[in-house]
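The structures come next, written out as structure tokens.
Shared between the two complexes below is chain A, which has chain B as its partner in the first and chain C in the second.
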Partner chain A sequence: MSEVEVSRRQFLQIGAAGTGVLGGLSPLGFDLTQAITVKQKLRIEGATVSHSVCPYCAVGCALLAYTKKNADGKVELLQIEGDPDSPVNEGRLCPKGASALQLAVSRRRVPSPMYREPGAKEWKTVSWDFALDRLARNIKASRDRTFVTTDANGNLVNRCEGIAFAGGAAFSSEEGYLATKLMRSLGYVYLEQQARV
Partner chain B sequence: MDLDSRRQRAWHLRERYPFAQQMLGVYVAVVEVWGSLENELPPPGELASWAGEKMLPGVVKATEAAAPQPLAVATHDLARSGRAVEVLAGWLAGQELGPAERFLARACLQAPLEALREEAGTACAADPAPRGGRHCPRCGGLPQLSIRAGADDPLVRGQRQLSCARCAHRWQYSASSCPSCGESTGARRTVYAEKHDGPVVSRTADGGTELFAHLSIDACATCQRYLIDVDSGRDARAVPEVDELVALPLDLYANEQGLSKVTPNLMGF
Partner chain C sequence: MTNHWRDIRHADLMLINGANPAEAHPVGFQWMMRAKIERGGKMIHTDPRFTRTSAVSDKHLRIRTGTDVAYFGGLINYVLQNNLEHKEYVRFATNASFVIKESYNFTDGMFNGFDEAKKVYDTTAWAYEIGPDGFAVQDIDHPRSVLNLMRAHYSRYTPEMVERITGIQRADFLEVAKLVGEMGRPDKVMTIIYAVGLTHHTTGVQLIRSGALLQLLLGNMGRPGGGMNAERGHANIQGNTDHAISWDILPGYLRIPAPGQKNIDDYIARSAAKKLHANSLNFFGANYRKFLVSLLKSWYGDAATAANDFAFAHLPKPASDASWLSIFDAALRGKMEGLMLSGMTATSIGPDSNQVLQALSNLKWLCVMDAYSTTSSEFWREPSIDPSKVQTEVILLPATHWIEKDGSFTNSGRWAQWKEAVLPPEGEARHDHWILAEVFDRVRALYKEQGGKYPEPVLQLVMPYKDVRRPELDEIAKEINGKDLITGQRLTGFALLKDDGTTTAGDWIYTGHYPESGNLTKRRDGIQDPAKNDPTGMGYYPNWAWSWPANRRVLYNRASADSLGRPWDPKRVGIQWDAVTGRWTGDVPDYPATADPAKPDSPLPFIMTGEGTGRLFSNGVADGPFPEHYEPIESPIDNPLHPKVSATPVAFKYDERAGRPNRFGTSADYPYVATSYRLTEHEHYVTQHVDQLVALQPEAFVEVPAELAKEKGIATGDRVRVSSKRGKLEVRAVVTARLGPLTIDGKKVYQIGIPIHWGFVGINTSQHWLANALTPFVGDASSRTPEFKAFLVNIEKM
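Coming up: the complex of A and B.
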């Protein structure tokens, strides 16, 4: 472009193409050949941003989750970070919350229930049906064994003293309500709950 | 107005991003002209004519020396046409300008407006645009780039600021809303960034090989607009205004996706 004269009129016409690239030149005449090559080699991915809440403790830090929909329709979680707009954590996360990503994508995540038989040394993978049946049977046995109908003074109490329930910070208020309702219906009195949000 | 850090950053980035050398060269030449302003405070009420006299000759000379021919010629012609002050006044009033006119106006006016600080609002009084929200609270200008504050802690995501395309003032703006139309539905907003192998947990560089680790495209599907986001948490030495110029390949990518920047930068991207 050394000897090219561009009049103002022509120039504005070129500019009308916005930042359009003509012959490797930008509207203001910058040479874009190298930048185009760099762009062609770049691996760029687009992520959408969703709001979430850290499940780990009662602070309830706000999270931003970056996800991408793959060609096979599966949604892939790319990154989690604190939400800078949240008045709760102002973009901060503790190390535990910062690793919340691994809840979803850790290679070491246990994908199915594990069972160690009484006296056995090894854990083995079992089905959900097996695990739930086993839990139900154990709960029933403990409850039957430790159920108290009347206390020392002869008052009617109908309670189970042999099982305690510990909820988790991952519970929403609704889940906490449901859990409490269920445990009370079984007669449990030792309940600990950390529901929030 | 820290011109030294901008100049130094531009020199540094020239080595790391050879494709942006020409633009960074023009930028440094313009910054030198801004340096000539020293401590002089321009009259906010007559900024266009003041800048036409004090800044224009230097800007034209610098552009002729450093810019590619079409820009150099267009700037020269504009200066000689006698319309220059009118163009500068048009920029202060928020009028639509051609690319070369916009370059000239910004190169002549950004430094004086920065020096004026709050008074920049007086200089842009003719612009009917609202103040605050998605517009610069000082002068009513539109945002040019999005900046994430740095933090000592890699687990902290900094708050977002927008930087005004006209007076370079920075203001806080929601990190999860579109800076152009205010869209806040996550699914309508896409962040395009260079692909990172493996999940990202903290903000510190973890030996990744990305060329643009601290730069991304903050795009909105509702209005088809975008801004380059400069994350100082990922590169503490970033000088956002300068770093945004090297996002050129990202700009080209965004254009390919049918997106246009809320306001192009000084070099027209």
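Coming up: the complex of A and C.
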């Protein structure tokens, strides 16, 4: 991460290219470039810039994320924009990437671990300890019930047939590798992510 | 992708099939526009719909969904009939001259080797003649040479037949064929770009393969501006396919072992390619053991020894396919107890969402790890379900987002790009890898306390992290890279891996991304200084991030130059032989860096195959050594090529096999062809939680061709009921000229368009219809990819 330079070459380049289409003038007849630049500066001045990658499709657009630590110690995400240095996207983003901030920061996030008993009509809020203990016990019980050491032909197969894991297209690669490593060592054969679907 | 996004700008001709990059990959699409604007490249969009991609293409061919084998087959036939293939390339870099065994046969839609009882082909029945030297016999003029068999196979794909099957009129097809035919010249290059519009079929693998065959014939594989380029639809679908979250592989595309393989020798004998030509390097096959042993050493450490065959017994050996459809089929049969879903919602994805809901209800337990609630975490209160009748225990764990953790994403061009943790976890959210590591640690503790079935792999797994419940992604990245166990140093490349247990590598294709000098996926030498950062001027930007394997930017790039190492097109160099320095220069060579091509024993160009060449004929697929057109399982017509074998005989029909009632419809009841797709403003289902995107595309709808709408009295904005044998949608109609009628085998056929994004969870919960309630529960013979993109429906005005 690094501090934002106030006169950001990249931004000005994009700004110039963007307004060039209109010959520098808005339909109202005056040049908005300066006003937009000033507004932008105010928004991200003094912010920390981090490097990220868009979470949506697989083009892999590089992102710049601007954050600021507020007086209460909370980190606020101010803005996400395309990284102008990237040979992939050259600073550009689509509507999804451009609204990535709303995916990152949302009132709609799952607030805590939730548990739904068989037949229940509502969720119950539970602790992490409860949820992970339940999950671990479920995995062990299902693994022990459905584990096949030797198949009907006498082959050693050491597989767990009764649990499946699916997901991972939004994981970092290293998380995905860990998932494969852990699930295979538990003997899972049903392993899937979004490649087929 | 064999190539990468920026590389597309080198293309003279772009065939875009089963994709709509202008809307689904808008930023990647700039490279297609750059090819068009900067070098006059031509763009051909072949798709059921006229989209924004079509609007800027030189030609839009309206094709019936699922018939691209016929289209590509027609192009292959045109090229071969007119002798337009790149002859020198075909001889040098493909298996065109290999002779096939006499038993090979294709009659009335059936290849040889079919097992009627099991409904599968014995793929070993499609084999080369082997000579006394143990290698494949080669004679390009032999009647059974691959080239001659291919000529005969595709001779049926005349422009007239292409028109009957696809609906593309003969004159339009020939106009495109003429352009394609010019791409066999060494100074021309074509790219094929596709997305799930090509893969989501019972013939999905062969749809892609037919494009690859065309590219090999034209000499376009391995060249800048060429290749077969899958766009891919999720941020890290590539990286986590590489790392094998897929039933059939281990990291780095090593096959999962099968029952009956008692040891590594057995496994290698049945998994690794065999050398089929004296000059084939067979790099993958020859080094397979090193990659597997290094993986087992990463996982089982000191418990993996030469004496115990490096703990090979610990690897699970699946009885049969265990991919997406098979998971829900097992649940429907009562064989699946638990399911863990992360960032992936079974209910919305389907196919056949109503059947998937039943499958979820059959589970003992379901765990959903996600940042937002999903149609799976909430499945038990889907509008038609009575929760009191659902006995599934459900755990929902709040997971962090991409922006709250670091780690790398690998894009579709194979570039692994590191991202930083920008924000702390929101509220109680935890990282997925922390959840998984802690759950594993708790399971391990239970096995220690209580014992249980085959606990050894659980107890012996190496977790070499400072905190086993909270590993850092940086630590895992180093593990993936691997190291020399004697020196303790991380390795700079997979060529250093050994099969004696003295090296580790969690995923050999990523070995070298994190040497002792640092994490190369963090590199950022981009377009801020092109002169310095792009020394070849070809857009490789070798010090921006890192691409697998070995930071190579174009796969198979040895084939970008002729047998003597001279580039086919000096203006677009992939790699070339520099006799002065005795090295290959340009991109990172897909070839030994100092192998002199002038030597008679220099390796053949495709170092990853046993043949040493690209494969025009292959027994690596389940449904035929040459791609053949088969109708979708639900189709409005019988296959004009062979009406008695209309659909592929080897598609796995789960319901039929399990004795469940038939869920496929016929054109008598469901007369219209339907296909599904994404919109620019949404990504699958998660964006139903994003205000701005829901505001931009708030409501579910279907697209209805104007002529059909007129017949049915449907106007834009009317509510319509679209139904298949499996379910229905009741949504608004958008009447459009973008989906015109087609004439298929003399019959008028309409196609209806169905965006997929809505469900009963999200900001706008009134939009509760699931598009995949309509789609069929059947998949491709090789990959079991579901047939989301071609099925039959009816439509009524409500």
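Criterion: the second predicted complex is superposed on the first by the 123 of 197 C-alpha atoms of A that agree within 3 Å, B and C clash if a C-alpha of one lies under 4 Å from a C-alpha of the other, contacts with A are read in each partner's own complex, and residues count from 1 in each chain.
Note that a contact is a pair of C-beta atoms (placed from the backbone, for glycine too) under 8 Å apart; a residue touches a chain by one contact, two chains touch by 3 or more.
If you're wondering where the values come from, they're calculated on a predicted model, not measured in any experiment.
Of the two partners chain B and chain C, more residues of chain A are touched by C.
Shared-chain residue A:Pro111: touches chain C; no touch with chain B. Shared-chain residue A:Leu78: touches chain B; no touch with chain C.
In the superposed model, A:Asn70 lies in contact with neither chain B nor chain C. In the overlay built on the shared chain, the residue A:His51 is in contact with chain B and with chain C. After overlaying the two complexes on the shared chain, residue contacts for A:Arg92 are found with chain B and with chain C alike. Once the two complexes are overlaid on the shared chain, A:Asp31 sits against chain B while remaining clear of chain C. Of the two partner chains placed around the shared chain by superposition, chain B is the only one that A:Lys39 touches, whereas chain C remains out of contact.
Taken together, the two complexes place residues 1, 50-51, 77, 82-85, 90, 92-95, 99, 102, 105 of chain A in contact with chain B and also with chain C. Across the complex, chain A is touched by residues 18-20, 22-23, 67-74, 77-78, 81, 98-100, 103, 148, 151, 153, 155-160, 174-176, 186-187, 189-196, 199-203, 211-212, 219, 248-253, 255, 260-261, 264, 267-269 of chain B.
Residues of chain A touching chain B in their complex: 1-2, 4-8, 11-12, 14-15, 18-21, 25-32, 34-39, 42-51, 64, 66, 77-85, 90-95, 98-99, 101-102, 105.
On the chain A side of its complex with chain C, the touching residues are 1, 10, 50-63, 65, 67, 75, 77, 82-90, 92-97, 99-100, 102-106, 108-121, 123, 128, 131-140, 142-149, 151, 153, 155-182, 184-197.
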